[in-house]
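Structures given as structure tokens follow.
Both complexes below contain chain A, partnered by chain B and then by chain C.
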Partner chain A sequence: MAIRELFDTELKVVNIGLAAFKESLDHCGVQAVQVDWRPPMQVDATVEASASAIDRANQRAVKVILAGKPFLVGMAKALHVVPGMRKNVILHAGPPVTWERMCGPMRGGVIGALLYEGMAKTAREAQALAVSGAIDYSPCHQHAAVGPMAGIVSPSMPVFIVRNEEYGNTAYATMNEGLGKVLRYGAYGPAITQRLKWMEETLYPALQKAIAKLGKVDLKNIIAQALHMGDEVHNRNRAATSLLFRLLAPAIVRTAPDAEQAARVLEFINGNDHFFLNLSMAASKATLDAARDIAPSSVVVAMARNGTDFGIQLAGTGGQWFTGPAPVPDALYFPGFSKKDANPDIGDSAITETNGLGGFAIAASPAIVQFVGGAASDALRYTRRMYEITAAENNVYQIPALNFRGTPTGIDVRKVIAKNILPVIDTGVAHRKPGVGQVGAGILSAPAKPFEEALMGLAKALKKKERS
Partner chain B sequence: MAIRELFDTELKVVNIGLAAFKESLDHCGVQAVQVDWRPPMQVDATVEASASAIDRANQRAVKVILAGKPFLVGMAKALHVVPGMRKNVILHAGPPVTWERMCGPMRGGVIGALLYEGMAKTAREAQALAVSGAIDYSPCHQHAAVGPMAGIVSPSMPVFIVRNEEYGNTAYATMNEGLGKVLRYGAYGPAITQRLKWMEETLYPALQKAIAKLGKVDLKNIIAQALHMGDEVHNRNRAATSLLFRLLAPAIVRTAPDAEQAARVLEFINGNDHFFLNLSMAASKATLDAARDIAPSSVVVAMARNGTDFGIQLAGTGGQWFTGPAPVPDALYFPGFSKKDANPDIGDSAITETNGLGGFAIAASPAIVQFVGGAASDALRYTRRMYEITAAENNVYQIPALNFRGTPTGIDVRKVIAKNILPVIDTGVAHRKPGVGQVGAGILSAPAKPFEEALMGLAKALKKKERS
Partner chain C sequence: MVVKGAIKTGVYFDSVTLMIVGRDITAATGVLDAAVVMGTRENQAILKSAGLWLRQFDAAADTDLLLAVKAASAEAAAGALRAAGEQLKAVRDRTDAAEEWRPLSLEGALQILPGANVALISVAGRYAGEQAMQALKAGLNVMLFSDNVPLGREIELKKFARAKGLLLMGPDCGTAIINGVPLAFANAVNRGDIGIVAAAGTGLQEVSSLISDQGAGISQAIGTGGRDVKKEVGGIMFLEGLKALIQDTATSTIVLISKPPHESVLKKIGKALKGVRKPVIAVFLGADEKTVRRYGMAPAATLEEAALVACGARPRPANGQVADLPHLGKYIRGLFSGGTFCTEAQVIFRDLGIRHVYSNVPLPPFVTLRNVWKSRQHTLIDLGEDVFTVGRPHPMIDYSLRNRRILEEAQHPETALILLDVVLGYGANMDPVGELAPVIREARVKRPIVFACSVTGTPRDPQNRTKVVEGLESAGARVFPSNAAASKFAAQVARSLEKS
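Now for the complex of A and B:
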């Protein structure tokens, strides 16, 4: 073809590499396809030299994760059961963060919790207390707990107790408050305090008695069923909430003080399709915590965001956090909102992805694309891609549409770096201002930095061990 | 290639036409693929000549079907509400059938109903009464009712009242009894009578009061949601049952005489994932009945089997049945059972397929293949194929995995014949002996004969109209 002909012909472009080239072509109305590929990155030499030791440790870690048996076994006030909880401690989502660096929704959540605890009478008083140094802030993850969005846990809040029956460890999570102006999106004030009090005084005892009557609730079974029913148990929990509701309802009815209280408790759960989310998170936390401290494993045991930083932890590097700035999600925004309203990524809910659920299991949830954007085929693509960076396929959690293939489970940070494929998280998006609530939902790529840091951290640990 | 080489080479065969050729090759261990294709059949000349009149009538019929708004509005005893029900009438599934031609499970169901009604004290007495001529047998479909499997409705049985709010017509169905030894599979005797009595005396008043408290329940909405949750609402009703349970539970609790009765009612529903089936059938019946008597439409408004005959009715040919022998399903049989144990296809539940659900919506239900056999990709294939023989795509019932495409709705008998593609029905299989229960489940092709008969019937009606 003469070069002149090229300029006379309609262009059809396949672009590999920087997406900006395609964007320019889009602008000119030229048909262009962007190949979703990025060059592989260099894996640290120390890590490569220890490949077989890491592989062995990863096999152990993955075995522990797959064998986890999370059961809901009871409820109690956080102060009485959550390790390290004290009257002046407030837990939050993500890696450690000071009041000064906290994002809007998290600060709002702290203010709301201080009001709920009766430690302040007004928002102004609460803010003064929050900043005074009298309150200790600590990540949920460091207290065997997890919380969605701001992830605030204060001493009087009732928590679910989820026990990993295979390994004996326990995880905790508060009850989900529902949608709209809620504490986890940083809302505070009388209405929020009143709801939290109702949850403490009516919902909690009803659930506590019902769970006691049932003995325990098999969360792994509910999650496995829910994946056959279109949930990925992060942003879609309608099926899991329904199955839990069916299981709890007769016990709630039998143990409640009267029919009206039982009915109100049932209505509250029925009114919130995300009620199961906090349990899917606690089940994932209980499952993954059992795989901690297996050196030199490169398997990720926590991904968590505090709205400022995105942090991860590895099975092989103890309690160390590896962090980078939390990205602002490219999401499907609700009418009237856009990316400029969005808070950077926030919440411990990425523990579901870490456990082979959420974005990793999104192929089980084609209906979710109406909520997070894209087509049903995208959901299949996301899950298929995650097999590239995981160490195992789940033995219980399955994707019916992929002929019951197990979900990609156990993120190997080496693969993330070597293939330059970052974990997908399907997430809700908070308004950057406290209390406005959710402004969208979308599919997010985790930032690269925490994974690069983690690999360097693993290399450092390996070198230290060599020296010792 | 020399002919000699052909005989020296390994054969790989693609077979079009009679499957028997492939079966011989399978037997010899030769790799062979059967192309799922059958030659088109000749459509009647009168029908072809009236193509545009039929098209217009079909458009009307389909518009009525898509606009249907089935709501659960109440419950009552069959005797008090089902049109034409009398004390000596027993309704059954499928087209009309005499006691002499009834299959085992249906005879068992009749005996069970006579015992439940107190019209006989022993099975022997019941059988004598059943055969005496004192009992009138009539198809559910002719009484605005539908019933799964044997489909027995007797005068004292409570029925759901489902009203098509768009057109004012009503449909009826009994409550689903659960699995195991149940009347719809032809079981009878004290345990069956006792359960039916409990359903009449405890379950029915509880549900009746709860529905009255709620006013009405939007079944179309529940079905649409359930399709997003892995149900096809024929052989998989777990999601729809869960959603109904969530909706009813608070009302049941508020209206039940005491907590224990409320809890038992909830446990009964929770114990039966098929509880919603009878409502999905009644919703389909109410939807399709509104499209009757639209001459000369070739759209199917009922497919039903009595375990002996498979019958269909058209929108354009009034109450006329077109029948052929009911086939024995090639199913996935439960351990210990095989095709030789199976009763020919039975039940009114194919009303779901007639309404764009069940086998027609099976692509929404990949998890069902574990129950009915095949791979998830087969489920997609079945639904895609049904678009070939339907007049419309549903405006409310969607398949998430097909990017929310509406389900294939409104079977056009002309297309069935012209393309020689028969409707798929995903069905439970009854043991041929009364009371053994379900022995399998599978995907079934409807037999060709009723559709051929229907097309001839339509041609006859057209000719008659020309003459008049």
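Now for the complex of A and C:
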């Protein structure tokens, strides 16, 4: 480059500071962008010094994330396929948590699961078992699984098997039970057990056969289409569920034992707009897991909440969790409920945001943008802000309203801290008491603490490497 | 406690809008709970369980809007219902405010403006250096308007920019014109084949405007910031800019503007100019002409002269009818918003043999004005110096400080003439006539002293030089084509006052 080359190039100006200068440039018809500048925060010196090594690792990590090819390839009982699953293990959402620190909905979910498994006959018995120490609790994320809200996975539950065909790794998620009094909101009792049993005995075999008939289902393709149809596949899954329904319906009809059973299975899927949510989560999990263990990458590979803590994991720091208290969402509450009814943020569903979907893709979802404050422009602003903290733009997932720009993908924890911009999560809100269900929905900012911790953790890992 | 409600038939709002309205009215004082919902069966059940059901809702259908408020008093409930109605109406009337997205960082800006090639930085000095470095690393040329960037940082940035073949204009660079685009404080001048490198911002504005006035034009005008030509920085960007203009085929004449550069910088310029056939005119205000010539440049004593020589025009003779001046006062008071103009005026006073001049930025042999708020004999003040700008905008933008000083000086029995500069262009005060003319009028009503003004700018500037000149003349000021001309006139007056 030489200075005189500038003389032959059309001027394009980034104005950082006095807005009047940008107005003058506009007046002259010059292409210019005004930066809404704010003083930056200091990033750890060790991380700063390793900037180029981290950049390289991040490039690798996002390459892996963008190349991921998640396919739904089958179903099985959790006990048979989920790594580390045993008869006395219950998986839950978010980072590790003991029974003592578990929130209401999660405890309810555990009780419901023990009843469903037949390990207890009454809620009281289940509770006694839950605290006895005989049950091992473990985060879904440590078993290649993800679960919405309480995220409870017990051994007998059927799970979707989602394989990342590019890298060969697999992720698992249960089937979505629908709205109302459901296990993931901590509901338990005969009605819940009955529904779970029906899902195990009727829904699961029907879906299993249908998937086997289809061979595999391209989830990335469905998600990409759904973003063009008004979903962000976290808080809105109506389009994706419909697309999946269209794919599955003929196969279900062909493989079901009788028409009535086929009809009931199809009705169940049709009656639950969130049926696809668990698949968008598993697709995100399978995509992101492939990017683990790329040192010293500062890209986030998991954001998850257990209703008590909010935890994140980085591509460059192995299985280590960085946590902080989960915030209570400042959401829109259904009539009769308010913030004081709300449980702190819960669920593995923030895996979608981690994968450039959900809140990061909210500009694609005009039907729910009002949760963010009313105007469609707010949703655009949310998504656009996220480009500031991500390492890449998605090659497949696009935002029509942003001229089909790829969604912001691959959260760089350094940018989160340096720019003081936290990820937005588009979430449902659980009642703090088990079993009441959803009480609201909204947009919330991830808390800063886990990201600060993560950056310190990365710095520590870098220092350790220097010494060795 | 009361529960009040209303039904609006045939009105539809989506559930989220209604939740927002419900939330807002619930937050009002005296309101305990509220619901604004469509009358579906599910919603009816919700209202019943929340204790918000009213008899009047019994007949409601799916398509009816139900409003219910539980409040401490009937007034509070009625108020909440009214507020809900207004808010729903506002939702109806809402239009899409298509606003422009502002990214939050340079990185974000580059995502939406790929191929950006200039960063114009005017954030606080302690952050500006880092921003500039980021921009250079991203391959952008930088105009660093900010001041208070440490000298060491400036040197680091300029060395880095030089290695990458990028411009780093500044810090404290107020003006540049690149590819015809005025950056920060600059005038709407013609494009042409005269290139400028300047370590003096107002100097650049004056020269480019005067060139434009002659019908010629500017290829590129590169600012470097005043420190560039000092020993420490060693003229890094002054030289890089000069070299770029030497190589630029669209530039056939080069003008260099600065206070006298350090000897070492002059030497480097001389070296760079070896074998260069383009005419190079240097106005190094106050420098020794012979030295300038020795290093291969054609010296110009004033900004005006440099502009005219660059256009191939003849320098203008000093004019102005000194004879018919009113006999009031003894001294000249120059109140400048442009630092370069204050220096240029001193050069002219010195060269015309005026011996006693006070200034806050004195040029040898003149004397430092200790108390800058009080003039002594002939006084030429740069009002852009830090002491005057603490806590207020630059005097080119904010006239208030100078206007007060004008009235003060005008009343003083010693004052014979007030010398002013008016700088137009992007970034400058948008209504100079409206703000300055009344002050001149008021001053002249009390004491009909002489006002000598220059107006730097072009008819195409947002303020329109032609109109500004008319406005100031009709207020009784004598307007000159340049600061040099105004200063020469003032100096001649000073001389005739000394004689009398």
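To be clear about the criterion, the second predicted complex is superposed on the first by the 424 of 468 C-alpha atoms of A that agree within 3 Å, B and C clash if a C-alpha of one lies under 4 Å from a C-alpha of the other, contacts with A are read in each partner's own complex, and residues count from 1 in each chain.
Definition applied: a residue touches a chain if its C-beta (ideal position, glycine included) is under 8 Å from a C-beta of that chain, and two chains touch if they have at least 3 such contacts.
Only a predicted model underlies this, so the values are computations on that prediction, with no experimental measurement involved.
Once the two structures are superposed, chain B and chain C can be ranked by residues of chain A touched, with C on top. Using the contact criterion defined above for the overlaid structures, shared-chain residue A:400 touches chain B, although it does not reach chain C.
When the two complexes are overlaid on their common chain A, residue A:33 makes contact with chain C while staying clear of chain B. When the two complexes are overlaid on their common chain A, residue A:295 makes contact with neither chain B nor chain C. Once chain A of one complex is fitted onto chain A of the other, the partner contacts of A:334 are limited to chain C, with no touch recorded for chain B.
With both structures placed on the common chain, the touch criterion links A:230 to chain B but leaves chain C unconnected. Of the two partner chains placed by the overlay, only chain C lies in contact with A:20; chain B stays clear of it.
Contacts of A:376 after superposition on the shared chain: both chain B and chain C are touched. Common to the chain B and chain C interfaces on chain A are residues 370, 375-377.
Within the complex, the chain C residues that touch chain A are 14, 16-17, 19-20, 22-23, 26, 33-35, 37, 43, 46-47, 49-50, 52, 91, 94, 96-113, 115-123, 127, 130-131, 135, 139-141, 145-146, 164-167, 178-179, 181-184, 188, 219-220, 240-241, 243-244, 247-248, 250, 426-427, 462. Against chain A, the residues of chain B that register as touching in their complex are 225, 228-231, 238-239, 242-243, 245-247, 249-251, 253-254, 256, 259-260, 262-264, 266-267, 270, 366-367, 369-370, 375-377, 400-404. Within the complex formed with chain C, the residues of chain A that make contact are 1-7, 9-18, 20-21, 24-25, 27-28, 30-40, 332-336, 338, 368, 370-371, 374-377, 380-381, 384-385, 387-388, 393, 415, 419, 421.
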